[in-house]
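Next come two complexes, and both contain subunit A; in the first it sits with subunit B, in the second with subunit C.
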Partner chain A sequence: MQNTFIARNPSVLWFLAALGLFTAIVTLMSEATGVGLISTSFVKTLGKTLCLCLIAIAMDVVWGYCGILSLGHFAFFGIGGYAIGMWLMYARTEAIVVPNLMAQTIPPTPQEISDAIGNQIFGVVGSSEFPMIWGFADSLFLQLLMVVLVPGLLALVFGWLAFRSRVTGVYLSILTQAMTLALALYLFQNDSGLRGNNGLSGLQNIPGFEDTPQATISIVFFLASAFALAAGYVFFAWIVSGKMGSVVKGIRDNEARVRFLGYHVESYKLFIFTITAIVAGIAGALYYPQAGIINPGEIAPIASIYLAVWVAIGGRGRLYGAVIGAAFVSLLSSWFTGGGAPPINLGFYTIQWTDWWLVLLGVSFVAVTLFFPKGIGGLFDYLVRKQP
Partner chain B sequence: MRYLVLALAVWLGTFVSAQAQTVQDILQVHADEIAKPSRRSVSVALDDLVASGLPQVPVFLEQWSARNVWQRDDGQFFIGDADGDDLALTDIDTGAASFALKSEFTQIRPNGGVRRVIGTALVQFQLSDPDLGRRETAVASIARRPEAAQLAPLLASIEGEPDAALKARKVQLANFLSARFADDPADRIAAINSLSSDTSVEARSVLNQILTTEPGVSASEPEGNIARVLDPMIDPDGFYAQLVEAELAPSRTPPDVIRAALEANVVEGRVGDVPVAQLGTDQMREAAYAQLADAGLVASLVTVSDRDAAIAAHVFFETYDEADPTITAAAEAALASVEQRVAFAQAADLALDGLSLASIYFLAAIGLAITFGVMGVINMAHGEFIMMGAYTGYVVQLFIPDYTLSIIVALPLAFAITFGAGVSMERLVIRHLYHRPLETLLATFGISIALQQLAKNIFGTQARPLTSPGWLDGAWVISDVIQISYIRIAIFILALLFLALILYVLKRTRLGLEVRAVTQNPGMAASMGINPDRINMLTFGLGSGIAGIAGVAIGLYAKVTSEMGTDYIVQSFMTVVVGGVGNVWGTLLGASMIGFLQKGIEWLNPSNTLAAQTYMILFIILFIQFRPKGIIALKGRAAAD
Partner chain C sequence: MSTLLEVSGVTVTFDGFRAINNLSVQFAEAELRAIIGPNGAGKTTFMDIVTGKTKPDEGSVIWGDKNTSLLGMSESQIAREGIGRKFQKPTVFEDQTVRQNLAMALKNPRGPFAVLMHKKTPENAARIEEIATEIGLSDQLTRTAGELSHGQKQWLEIGMLLAQDPKLLLVDEPAAGMTVEEREKTTDILRRAAETRAVVVVEHDMEFVRRLGCKVTVLHEGSVLAEGSLDHVTSNKTVVDVYLGRAHA
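Let's turn to the complex of A and B:
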């Protein structure tokens, strides 16, 4: 079975080899090993990029393989981030607050501890009480479970409602976009229980590892992201290459025909939608401790659209395409907007890339859709096939 | 001779008594109160002055209030105008002018409180002043600060009021005053009853002022005009605090006080016989505190059961400040009736708001609906066409300073520009993607981010104004509750115009016929000799052009920014999806539904517009479950996809 799976997916080995090599090089060059050729902040950027690649694969499976253009997968990504962020924030505040309280003459009551932590966390939104949804915030295990369960359940319910009533195509895209917009607007409120537009912050400090330097923590998260990406890649490659993969691709190409053949199309779609949402949640849970802060702006509809842009530029229907697209566009984007690109002087006008990058991205996106529907990954295919 | 002497004496007597009635004489009687006036003492003097009915009194009062009255060393009062060391004097009674040295005089300086009392006394003179402006000022000052004493002069002045509008206002105001201050309860009740159909803010505040209450607590049956008896168990801590304030119960010991008391009484690592390490629960803390209380170190603890017993032993109630129960009952009834009317008016106001929001959504979405219906293409750049229209309006105003003219120029220009943009976009991009609708969505999104950033590069990030002409400023005020701004009315009319125009184009012209044919079945339409390419291009241009016009309309009341399109694009999509594709009436229904729904949810939860939007989107997601193809769904083959 393993043999045939690899045989069916030669790209998996190539991908794992490339990812392994890349990870090894970055780890060796990082500040954690003392070489320091790659700065800690750049290691974090690379780690975040790996998480984006992971959600891009999920997006590729749901869109490129199953034909559902979801404009809401970043909502699941954000939920994963919030779920882990709640624990990180709670545990870290507890670690700071409790010793203070313990140092006083009289030991604190559980209520006093909870008030003090709540005051620290929710002071910015003028509250000190823990909302219901923070009920499990003191347990890492339960919050990790939330990372998987909440996006999964949300996707399950939403997908069940949508697929059951045969909402397809553009309608479904708009509906998923509405979902992520509703979630973002909800989180923007101060009484949502998640600190409104302040979001959760200080997530880069891992409770229990206060004395470990960020260089080490960043490498650990980088490796974890790389591992998650590798596992996600293998998992999705396995899903889309078997019999189920054939059905899913059939749904993409002609849903009515697959239904006529006796397959329960809705179940397949629901499975793909939910499983990708869960992976998106995991990607988010790895991403935000590296980013350090999460706020509702992160899950605004535009983020999910960018996700689709990455996958389209990378090339749909091939997992490595999604990885290439996400890595290429997001790194390029941070290079351009970070002022890395030199301005071009036209004599009468100087092109500042921070201003013009989005124009370039938009136009190149149109160009890719028009002229290279297979994206960068398609180029890859072309080169591979040319070789004997 | 005797008769003559007698007659002279009588004549003199009358003369003297007449002389005694000058303003100066009255002032001399109350010299101390006038020279050093205080709010309480001055009223006696004022009453005498007013009662004398002398024509000089109002002049004197005004001058007094303006601090122009001076007292000579011998006690005589004059109206004076200081000029350096000199003082231009005017006799209060005769008006005779003279000059004197300032050093012989003391200026009378009534303080703010006294001047208000003087002002009240003056009002009754001003109410009958020949000058209309002064009468209006007096009426306004009564309205601002109604007092019992003003009722009689106000009633007296109504009869002789020549100005009809002011007379009506006086009658209304007298009614408000008698509702609150009339001596006869029957008069008050009549006045109160007449207010029961008045929804103005003023009338409601009159009723509310009659119905002001004070919280009270007593151990026995309460006395007085009781408004209501309260159930203390809804908020035991709050009511107990009321008991504490009334000194009917000892104050409770909050946790931090307990904590402080315990901290202060730690002896050898113990409080009482409880080790400090065990004080980590409320229970143990209270036990330790009870020991301290037993030892007499702290006041004893009021437990929850003590609190409840204390609350149960008392009656909590609210009394009306007004003692007469018949009057408060009448006012309650009147207020209930007013509030019912206000609720109706608010519903009407809400409906107007919903209507105006619906017309905005309609304008924003109708272009999208046409292109989506005809071509099955979602144009993510639609919001940016709205933005282009708004910026067109802004640029036109830079060149044409006259706002009315600039709007008249901007509307067709915005249509032309966005029509052009739409047509070129269709030709360059969308034409090649007809078989891949999802990719159109992404390609148009690429155009959208490029256009947005371009606008940001050209016009900057700050909001640009699009000023509406002066005749669109202000609002149409129907009552205190119902009002709507003229801009919103204008947008409503614009939306109606476009509804009519689009219906006409679609139903009555050749182009419309062809558009409908292509909508229903492009292949069949093509075989009938219609060129679908041309129709697609024109429809796309038309849809984009309407977006441009919507942009000008939206820009008039919202700020023009490069991101304004994104604010409307999702709502526009919702409108189209809810309404059903390819049908003008569907879009109209969808826009109305979303507009009214949004206003309705905002009304239920006015503090939080973000939550309103969240709930609305959730509602739409659920709505799609039941009508996946919208309110008005296409039937037959065209509906297949």
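Let's turn to the complex of A and C:
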């Protein structure tokens, strides 16, 4: 069965080959495992980009294939990041605080240990109490479960309410955006239990691997991200191929027709919405340990809009399009905003790319939507099909 | 012959306008029926009620041997009960091949997980071939539906309905925009389908109705005005006044 699936989807093999080659090159060029031509910080950038590619294919499935323009998938990404960040921060703080307390003549009570860790983590928002949501923060396993469960449950409940009421199109987009905004605003509050606008930090330090250099950690996360992207790609390619793909694309093109064929459209939408939210959460859980910090700003609606822009530029309705769009636009974005692009002096005015990049991106988005609805991926299709 | 669908005393009001007014009509198993009537007579609203898209204010819609009420069922449940609907505008999935269109409509489990785990079977493939032959598209199976001509799209949609294996087919203006030869072929397909199930055709075109040669129900202002053979209803003076008279004026 696996054979026939791959045989029917040759692009999956091509993608896996390209990703494998890219991963091998980066590994061989990195500081930890190779000749050191690629800096550790750039390895992290590439690893993060792979995570963005993963959420982009999730977005492509929900939007490009199922026609649900969700402007909230970055919220699920952020939740995944927060879930893993809680364990990272707790375990690391515990590793620092406990030996200090143990060094005292009177051994500390569990309450004292908890207070000391709490003080370290929540002192910044004027508290030392552990909020209820940190109840499982000491367990890596449970927090990993949260990475999957929290985005999944949120998407399930939200989707069930929205789809059941037959909210579609632009109204659904607005609703998802409102959800994202509400979540971001809530997290910005100091008493949200997740350190308000400080967010969670120091996530690049992996508890238990204090002595491992960041160069090695970065390559491990890079490889993990590459593996997750490969697995996500195969998984989604499987979902959108075959009969499921037919129904999902049918829903995008004519919901009523699918309904009158006897399919319960809402269940399908809910399935796609939830499964993509879970993958977004996993992508976030891999991204933030590489970024080192997560704060509510990451969840702001603009992030989800960027996500839609990446997928649109890369080409909706083709998974490799989403990967190309996310990689290309996000890397270009860091190049432009990071001062990589030289300013252009027009004599009377100097174009500073940190200011003008967004304008360029906006214009590209409009141009792609109007003139190249198939995006960069469409160009790819065109070149492949031209060959006999 | 036993009754397949019984609509009785149904009333629907949209913003004070009575689209359907105390409508009662019955359909038997395996019959071909045409529903005609001037614009605004409530033909499409009638189909919306039967397929669950519109909920009536009053009345009952009773279905099948077990006398199940269709009111309160969702569109997809009603479709699974065995009522297929063809839209006026050809609605096929233009991005997908003819085979994929038919495969999606084939009578198989409809739940997401069943569909996800669905495997192609020789029985399904044979059934697709059979339906494609019936609608005259057996040499078009690998083509994208969007490339088909208008008439072929209409047939494909009828084929999708047949693939659902419904007990009742509701067909909205199947001949609209068709050439004379295409109309003949459409008539044949519908007549053959009506040998084993009920087929209800909503139509504007009297010539097409004549060609179907079946019992006719005339709707006017949301209720049944006349019923019987085409000659019978066209000789009815009120029918001539409200519909034919106006159409020929």
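Note that in this section the second predicted complex is superposed on the first by the 387 of 388 C-alpha atoms of A that agree within 3 Å, B and C clash if a C-alpha of one lies under 4 Å from a C-alpha of the other, contacts with A are read in each partner's own complex, and residues count from 1 in each chain.
Everything below uses one rule, namely that a contact is a pair of C-beta atoms (placed from the backbone, for glycine too) under 8 Å apart; a residue touches a chain by one contact, two chains touch by 3 or more.
Everything quoted here is computed from the prediction, not taken from an experiment.
Trainee: Just to be sure I read the superposition right, which of the two partners does A:Gly169 touch: subunit B = first, subunit C = second, or both, or neither?
Mentor: first
Trainee: Touching A:Ile239 in the superposition: subunit B (first), subunit C (second), both, neither?
Mentor: second
Trainee: Does the superposition put A:Phe271 against subunit B (first), subunit C (second), both, or neither?
Mentor: Touch partner of A:Phe271: subunit C, not subunit B.
Trainee: Under the stated touch criterion, which partner chain does A:Trp356 make contact with: subunit B (first), subunit C (second), both, or neither?
Mentor: first
Trainee: Touch check for A:Gln189: first (subunit B), second (subunit C), both, or neither?
Mentor: first
Trainee: Once the structures are superposed on A, label A:Leu181 by its partner contacts, choosing first (subunit B), second (subunit C), both or neither.
Mentor: In the superposition, A:Leu181 touches subunit B alone.
Trainee: Which of the residues in subunit A end up touching subunit C in this complex?
Mentor: My answer: residues 1, 239, 242-244, 246-247, 249-250, 253-254, 256-265, 267-268, 271.
Trainee: Would you mind writing out the residues of subunit B in touch with subunit A in their complex?
Mentor: 255, 259, 262-263, 266, 276-282, 285, 372, 376, 378, 429, 432-433, 436-439, 441-443, 445-454, 456-457, 566, 570, 573-574, 577, 608, 610-611, 613-614, 617-618, 620-622, 624-626, 628, 641
Trainee: Enumerate the contact residues on subunit A facing subunit B in the complex.
Mentor: 69, 104-112, 158, 161-162, 164-171, 173-175, 177-179, 181-183, 185-186, 188-189, 191, 301-302, 305, 308-309, 312, 355-359, 361-366, 369-370, 373
Trainee: Which residues of subunit C touch subunit A in the complex?
Mentor: My answer: residues 51, 74-77, 79-80, 84-85, 87, 91-96, 100, 103-105, 110-112, 115-116, 118-119, 160, 164.
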